[in-house]
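Some structures are shown below for you to check.
In what comes next, subunit A is part of two complexes: it sits with subunit B in the first one and with subunit C in the second one.
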Partner chain A sequence: MNIETIIFYFLAFIALASGAFVVLSQHLVRSVFMFFVTLFAVAGLYVFALADFVALTQVVIYVGGVLVLLLFAFLLSSKQSLEGMEKIPSGLLSAHRLPAAIISLAFLFLLCFVFFQIDFENLSWITSAKAKENVILVTDNTIRNIGINLMSKYLLPLEMVSILLLMVLVGAAHIARREPNL
Partner chain B sequence: MEVGKYGLLQTFADILKLIQKEYIVPALADKVLFTIAPVIIFVAVYLGFVALPWAPGLVPANMNLGVFYVFAIISIEALGILMAGWGSNNKYSLLGAVRSVAQMVSYEIPIGFVIISAVMISQTLDLQLINYNQGILAKQDILFLGFINVNHVGGFLAWNVFQAPHLLLAYVIYFIASLAECNRAPFDLPEAESELIGGFHTEYTGLRFAFIFLAEYAMMFLVAMLGVTLFLGGWNTPLPNFGSFKLAEYTTGIFWGIFWVMGKCLLVVAVQMWIRWTLPRLRVDQLMTLCWKVLTPIAFACLVISGLWRLLLF
Partner chain C sequence: MIPLQHFLFISAALFSLGLFAIITRKNAIQILMGIELMINASILNIVAFGKYDKIDNTGQVFGLFIIVLAAAAVAVALVIIMNLYKRVKTIDPNQTNLLKG
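The block that comes next holds the complex of A and B.
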């Protein structure tokens, strides 16, 4: 086992363990803070997939944005609504949890099915890319690749996403605006 | 009342004092979060230094995403602050944490815009390459004010702020927003103990308090260094070549690089402290007005000018 494998399994273990803690903990705020550890470990796994840009984007958007937003939402919500949450019956097969349990089991089955069905080393598109040497190396400048692809091949999706974000921004500003004469 | 001649030993006395002090954990505090929070704040800030270059060929981790990395890692500090505020289980701490996180998240927007406008001029996210392209070691053409080639002159003429003069305005915005980002005066609402009972660190004592404040001062140095690298030439010398006086060539090298970057950063930190003792504190609504209604539009204008600059002049 070389050092990369050890680090990979270490990160994977942290991601899984902290993810389990997020789901199982009764303490909501600690769950949110533990989610930060999960996101960070997943960012580390992205670095292993040579997606360092995605890893950093994950840190900026989720840790700097979404988590802070989650905490703010938590802080600003009233105590009564949080107490209401605790009254939900906690049995695994209760009416509230059954759909979630079914969906997660189905997803687990799907993942296992794919994992055992496919021989990842000999997929046709992977072997052809290896043969043509169309692979990204550790020393490559990955962000250049992303930039060129975003500005050529994926320009339309990028623009559509940006228009969607603009609409969200306008909507948020409208909601946050003070109501006139009320 | 200083220790030593001219207060030279004051720092050491303060360190000893902070190490000796008792740890006090409030009885109702969330012990785990309360203990971890200062460490997270401290580590988040120090991780930022990994990507910052000190001299030609001297950078702890040479990565092609340097600027983005620093920007990303700084945003973790906000989480540590919320953790400290929540863990203290004290309404003043919690309100203080909310206040300073709201401030940091808001001011990240103008900072992001001006960083992008500087990156657009230097055309790379690699901090070391940004440094190279602001001096005589440049790997691409550098044009003073966009017209005069200064590849062999170097000095302050090759700095980003003089390559594209609107970046001077961008640097001013960066500086103001970075003051808010490290919770320094005139934006030091977290510390306003006379008006607002301090902030997220009200309950902290001893070494934990020291960690929070070390992080604040490290953050000051970090934003100063990032600003110096992006706008003020980084480790490049301010002295240009004059005819046969090759001042820029004499004063470029590893030790000169460390000297220049250290000098520039300490100068910026000195200005930050000078401002602290000069200006009164802003009220929280004035703080947000300044960010959203003044700095963000100007930063956006800088971004547009940078785009036009690249399109029209190159």
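The block that comes next holds the complex of A and C.
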């Protein structure tokens, strides 16, 4: 039990506990702010999966962009949604929450069952990657390799994503504009 | 090293939490947050498998693409929610029944 595993399970606990708070809290503002904590903890888990660049991108885009957008949308429609929140009965296993809890627990059980069945360390592509030393180590610097791959091997998906982002920009501005005869 | 299965269990738990949020919540913004939670769980999965691909970096590159696509989807969905609020004065998906036949 070294310090690495302790930090990993601490981060996992924070991610799951704050995610449960996001899901169960009746207060919209609290759940939005708790979502910050969840995203930071999941970014820490990405670091433990040796994907530091993805973790940084998560912090920049999700925490910096998406959550600010969520907060803006909440502020622009807050009063109605806060009044609507009061009527929801609390309690994890109240009548309208019980089917959802059963469905999600069954799904979790199914996923965990599948993960227990498979022996991941002996899958063919993982053993071949280990044999060829194709495994990212803790001391490796992956960002340079990611940049080279983005500009050579994954150039077509990158261009498609950029075109999609342009379409989203134009489309969002078009939908959000004030209509003259509404 | 952390074994691969532990990442998968954590991402399965996060995914189930997101599913629970999507089913129970009565607020479009919170449903969107549930979807984001599910997307984060799938990124954790794909990145954990991406450790075994040092040369091509497939897992990490597509994790980046998923983050970008999720951000674009959130932008469009929030614009649609704002428009919905302007028209029908609610963001509860159960009460927006204008398209019901």
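In the analysis below, the second predicted complex is superposed on the first by the 144 of 182 C-alpha atoms of A that agree within 3 Å, B and C clash if a C-alpha of one lies under 4 Å from a C-alpha of the other, contacts with A are read in each partner's own complex, and residues count from 1 in each chain.
In this section, a contact is a pair of C-beta atoms (placed from the backbone, for glycine too) under 8 Å apart; a residue touches a chain by one contact, two chains touch by 3 or more.
The structure displayed is predicted, hence computed values, not measured ones.
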Once the shared chain is lined up, is A:59 touching subunit B (first), subunit C (second), both, or neither of them? first
Using the touch definition from the top, say if A:30 reaches subunit B (first), subunit C (second), both or neither. first
Going by the contact rule stated at the top, is it subunit B or subunit C that touches a larger number of residues on subunit A? C
Please work out whether A:141 is in contact with subunit B alone, subunit C alone, both, or neither, and reply first, second, both or neither. first
Quick one: classify A:68 as touching subunit B (first), subunit C (second), both or neither. first
Shared contact residues on subunit A, subunit B side and subunit C side combined as an intersection? 53, 57, 65, 72, 142
Subunit A residues touching subunit B - in the complex, by the definition given at the top: 29-30, 33, 36, 52-53, 56-57, 59-60, 63-65, 67-68, 71-72, 75, 141-143
Residues of subunit B touching subunit A in their complex? 30, 32-33, 63-65, 68-69, 71-73, 75-76, 78-79, 82-83, 86, 94, 98, 101, 105, 108, 125
Show me the residue ranges of subunit C that touch subunit A in the complex, using the header's touch definition. 2-10, 12-21, 23-24, 26-27, 29-30, 32-34, 36-37, 40, 43-44, 47-48, 50-57, 59-65, 67-72, 74-76, 78-83, 85-87, 89-92
Of subunit A, residues touching subunit C in the complex: 4-5, 8, 12, 15-16, 19-20, 22-23, 28, 31-32, 35, 38-39, 42, 45-46, 48-51, 53-54, 57-58, 61-62, 65-66, 69-70, 72-74, 76-77, 80-81, 84-85, 88, 96-97, 99-101, 103-105, 107-108, 111-112, 115, 120-121, 125-126, 129-130, 133-136, 140, 142, 145-146, 149-150, 153-154, 157-158, 161, 164-165, 168, 171-172, 175-176, 182
